[in-house]
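Have a look at the structure below, then the notes.
Chain IDs A, B and C follow the sequence of writing; residue 1 opens each chain.
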Amino acid sequence: MQWLDTGKIGIFVTLLMVAFILFNIARARKGKKELFIRRIPGLNAIDDAIGRATEMGRPIFMVPGIGTLNAISVQAVNIFAQVTKTASQFATPIRMCIADAAVYTVAQEVIRDVYQRQGMLERFDVDSVRFISDRQFAFAAGVSGLLHREKAAATFLLGEFYAESLIFAETANSIGAIQVAGSTQTSQTPFFVAACDYVLLGDEFYAASAYLTREPVLVGSLVGQDWCKIMITAAVFLGALFHGVERSQVAAFEWAPYAEANEAAFSALSDDAKEKVADVQVQVPSSAERQGIQALKKGNETMLYRIFNPNPSAEDLVIEREKKPPPPAAEGEEGGE
Amino acid sequence: MKQNRSVWDKLQGIDRRILYSILMVLTSVPLFITVALPVDPDPSSKDFYATLMAVPPDQTVFLQSDWTNSTRGENGGHMESIFRILMSKKQKFVIYSLADPQAPQVFRDVMLRINQERESQGLPRYKPWVDYVDLGFFANAEGTTVSIGNDVRQTFGSRRAKDETGVERNVFESPVLQPISKVGDAGLFLIVTASNTIDYAVQRLSGKVKMACACTGVIGPSALVYYQSKQLEGVAVGLKGVYDIEYMMNYGLNVQGADGKTMVSFSEKPTVTAPPLTEGTKFGRGSKYFASLHAALGLVILAVVLGNVGMFASRKKEKQS
Amino acid sequence: MILAQLDPRLNFFGKAPYSLELWGYVTAVVVLGIALIVAMTKLPTRARKPLIWTSTFLAGGFYVLYWLWPQPVGRGPLDLPRNSVEAMSFWMSDAQVKVADVANILTAFLLCLGIYSLLRVHTNRILRKHEDRFFSWVLIASMFGMLVLGYIDWRQRTFLDKDGKLLEMANWGFAQFGKDLLFDGLFQQMDAAMFSMIAFFILSAAYRAFRIRSVEATVLMISALILIISIMGAVVYGWNNMITSMLPVDSAPVLNNFKISEIANWVRSTLQTPAIRAVEFGVGLGALAMGLRLWLGLEKGGVTV
């Protein structure tokens, strides 16, 4: 009898994290105490970069990666909205190059809105936000060409980047632009680290808008994320500890009856189900263990392993249901012919 | 001032054009040399080959091809090897792309090439509909991956392909897809990728089907995370991965050759064995490019060493002056 | 969503493939879609906010519910649900595929907006006689060239070539050669050329970045060098064999740990993989928080304005 539906643990943990974030947002909104965010050098460099571009009279380039419209590109556009806000005050020209049509539509709205809010709609150039191409390397070629021709003074490469990251970073480096970069793709961060002046690592990218605006909602959410990280760290630490302790225990004394029951249950399964519950097969102890010879628990025999790798029983996997009558033509495909 | 620059100063600031020219020459020349260098394949490549060879011949393999011509140096080699292995095993497979609309044309080109190669070797062509089904491109990689895990018949059900007689029919009427009612019915879910579609696949399909991946060197570190957590059965990373597979296609894994020698042994998993291929080309793109890879990496190491030597020498000089 | 799940014969799009009736429906829906987009662009900003929030909440709500609701276990294609919970899970699992389709259709509409932006920028350049207008001409000509030839080629292959003659180059016509030249001959090769440039950039970036300036930089450089060498199969093979030849028979001495493959695997599994996992935890949490704020309309400024 299984008392705990271990398949729901993931959902429970996620909901707990959602609760942490929402609780901290609510806490920050009350605004009793200002929450602290550590210094992030890459974000401090934004003002310097804009100032430099203003002095040189050259544009600022912003690229929100080549991903589709998702949390990453939305966050990149949010950061660029802040950059544009500062740039609009100094009439510094901006260029935002976009590879996805949906992101383009959103970005254009956001940037126009920034100028409007600043009361400088006349400074907004419709062509400053551009759709270049949704093909990765056509986009890379297009942006590199623009960087070269327009001699960017500063580049902000923030978002979902792939192989084009180094092309942008090295091109911008060759024209002497200040570069602030950050990618959620761990595979691209090393390229940025090697080639750019300032790099936002991992979730610093998500912390950026909170850092720049100090909006209570964003700061609260950031603190909520930190709570989640503490929980994950504790889980990793305790997991390693308990797993380690459990694996040093002797596992032989009760194995024989368990193994027989387990084996019987396994052989009762259909072939299809057997494949799904291969772990059961692994758990059948060796003959040495069945004879009562002491052995240490294996990695897949600990309680923690089983919590996160539940073994469905035969009854759980095979469910008898009423059937609908089969359709007259195969799936109705030929219905109209 | 410029005339006073010492060799060490110059080493610190070698013109990038000089470096680029050396790299171009060093990588181009070895392309003309095909060498079968001895190698000890990575454990992840060994598992990849063993997994692929262990798929029962009557089960269909799902092959997700998410690469374009830009990464053909790596993924092209993966794809060729995978096709050669599947064809040699007479394994049926379904192929499609999620990452890029360009991708289907690219795998079709590889397919055509391998088929021509087989024909020239007197081997039968792999036929669409009967031996494999080409589903083309599906937009929205993440959404489609969720759908595949949820209901593969509905996801692919809208696609039609020509049968042997040239009549267009629903792909699920083909011998390749007929036995498939859910993704778990596939013998293996194989992804050849140069992008993050591997993340979507692992997040959405893990536990539902056996998975393996062949990816570029850049994506490798993130794919290896899934290999270590056993969510992927095997991973072939980059050009080294291509050559590893080709090497095992020749010599097998944990098996003795005619001379009684085991060329590739897997000491961590001595019970895992996989035979070499029995027909078709075995050394391909990997062995053609492997020497170039060595030359390019050698140059990177040399550049790093020279840069550092130059830096230290000029620091020393500065201190002395 | 609900319409699409009706009996195929009653289904709005359940018409025969390529039939005139289906084409009619598709055209009507495209026109309606464009009209809807135009109407939405005319909305004042104040009215847009609730609309954006409502659609975001509904779309996100579906996926949240889909994820939270118990999944159907061992469902066969003809199974009927046993109770209301299962009925809901069956419905959502069927609807999910349709929701993904809706997202694809929206993307197609948005691509048209992207193309419109591209054409506007480049036609303006041509009309204003910008000094780089030649490139704008090239872009427009390539775009339409690829579009027209690609369409003709697709049409011929799909509808006219019943016995697959066009698979052989000998039977190709103008459209096939044209598409082949533009796509395989030019586009694909240029794509590969752009990617191969990364090799040069890696070299110059490595040359610049891997300097022993600090402790961190030194650690970075050493680990990078180990991993670079580990990819050089022949070097690793030679080195490892040398170590093996130095080992006494029937023993597992410490020397084994000095094989390059061992060191590289240790770096990968002990340093690299946990570091990536840690970063991924942070990034995942960031995405979760961002998604939550967007879904609940908590963002102020930026995208949700």
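Keep in mind that, in the parts below, a residue touches a chain if its C-beta (ideal position, glycine included) is under 8 Å from a C-beta of that chain, and two chains touch if they have at least 3 such contacts.
Just so it is clear, the model here is predicted, and its values are computed rather than measured.
Comparing per-chain C-alpha centres with the mean over every protein C-alpha atom, the closest match is chain C.
By number of C-beta pairs in contact, A-C leads when A-C and A-B are compared. Chain B and chain C, compared by their mean Cα positions, are separated by 18 Å.
Averaged C-alpha coordinates give centres for chain A and chain C that are 15 Å from one another. Distance from the chain A centre to the chain B centre is 25 Å, each centre being the mean of its Cα atoms.
Contact of a single residue of chain B with at least two other chains is seen at positions 16, 68, 70-71, 102, 140, 221-222.
Shared contact sites, meaning residues of chain A that touch two or more other chains, fall at 68, 135-137, 163, 186, 331, 333.
Multi-chain contact residues of chain C, defined as those touching 2 or more other chains: 17, 76, 107, 191, 194-195, 202, 204, 206, 208, 210, 276, 280.
Partner chain C is touched in their complex by these residues of chain B: 14, 16, 19-20, 23, 27, 37-40, 42-43, 68-73, 102, 105-106, 109, 139-140, 143-144, 146-147, 150-151, 153-155, 160, 162, 166, 181, 217, 221-222, 224-225, 228, 238-240, 243-244, 290, 293-294, 296-301, 303-304, 306-308, 311-312. Within the complex formed with chain A, the chain C residues making contact are 7-9, 11, 14-17, 19, 21-22, 45, 67-68, 73-76, 78-82, 106-107, 110-115, 117-118, 120-121, 124, 132, 135, 190-191, 194-195, 197-198, 201-202, 204-206, 208-210, 276, 278-283, 285-294, 298-303, 305. Looking at the complex, you find that chain C touches chain B at residues 17, 76-77, 93-94, 96-97, 99-100, 103-104, 107-108, 162-164, 183-184, 187-189, 191-192, 194-196, 199-200, 202-204, 206-208, 210-212, 221, 224-225, 228-229, 231-237, 240, 261, 265, 268-269, 272-273, 276-277, 280. Of all residues in chain B, those touching chain A in their complex are 16, 68, 70-71, 100, 102, 140, 157, 170, 172-173, 184, 194-196, 218-222. On chain A, the positions that touch chain C within their shared complex are 11, 14, 17-18, 21-22, 25, 68, 71-72, 74-75, 77-78, 81-82, 98, 100-102, 104-106, 108-110, 113, 126-127, 130-138, 140-141, 145, 149, 163, 166-167, 169-170, 184, 186, 189, 191, 193-195, 201-203, 205-207, 209, 213, 215, 217-218, 221-222, 224-225, 228-229, 232, 316-319, 321-327, 331-333, 335-337.
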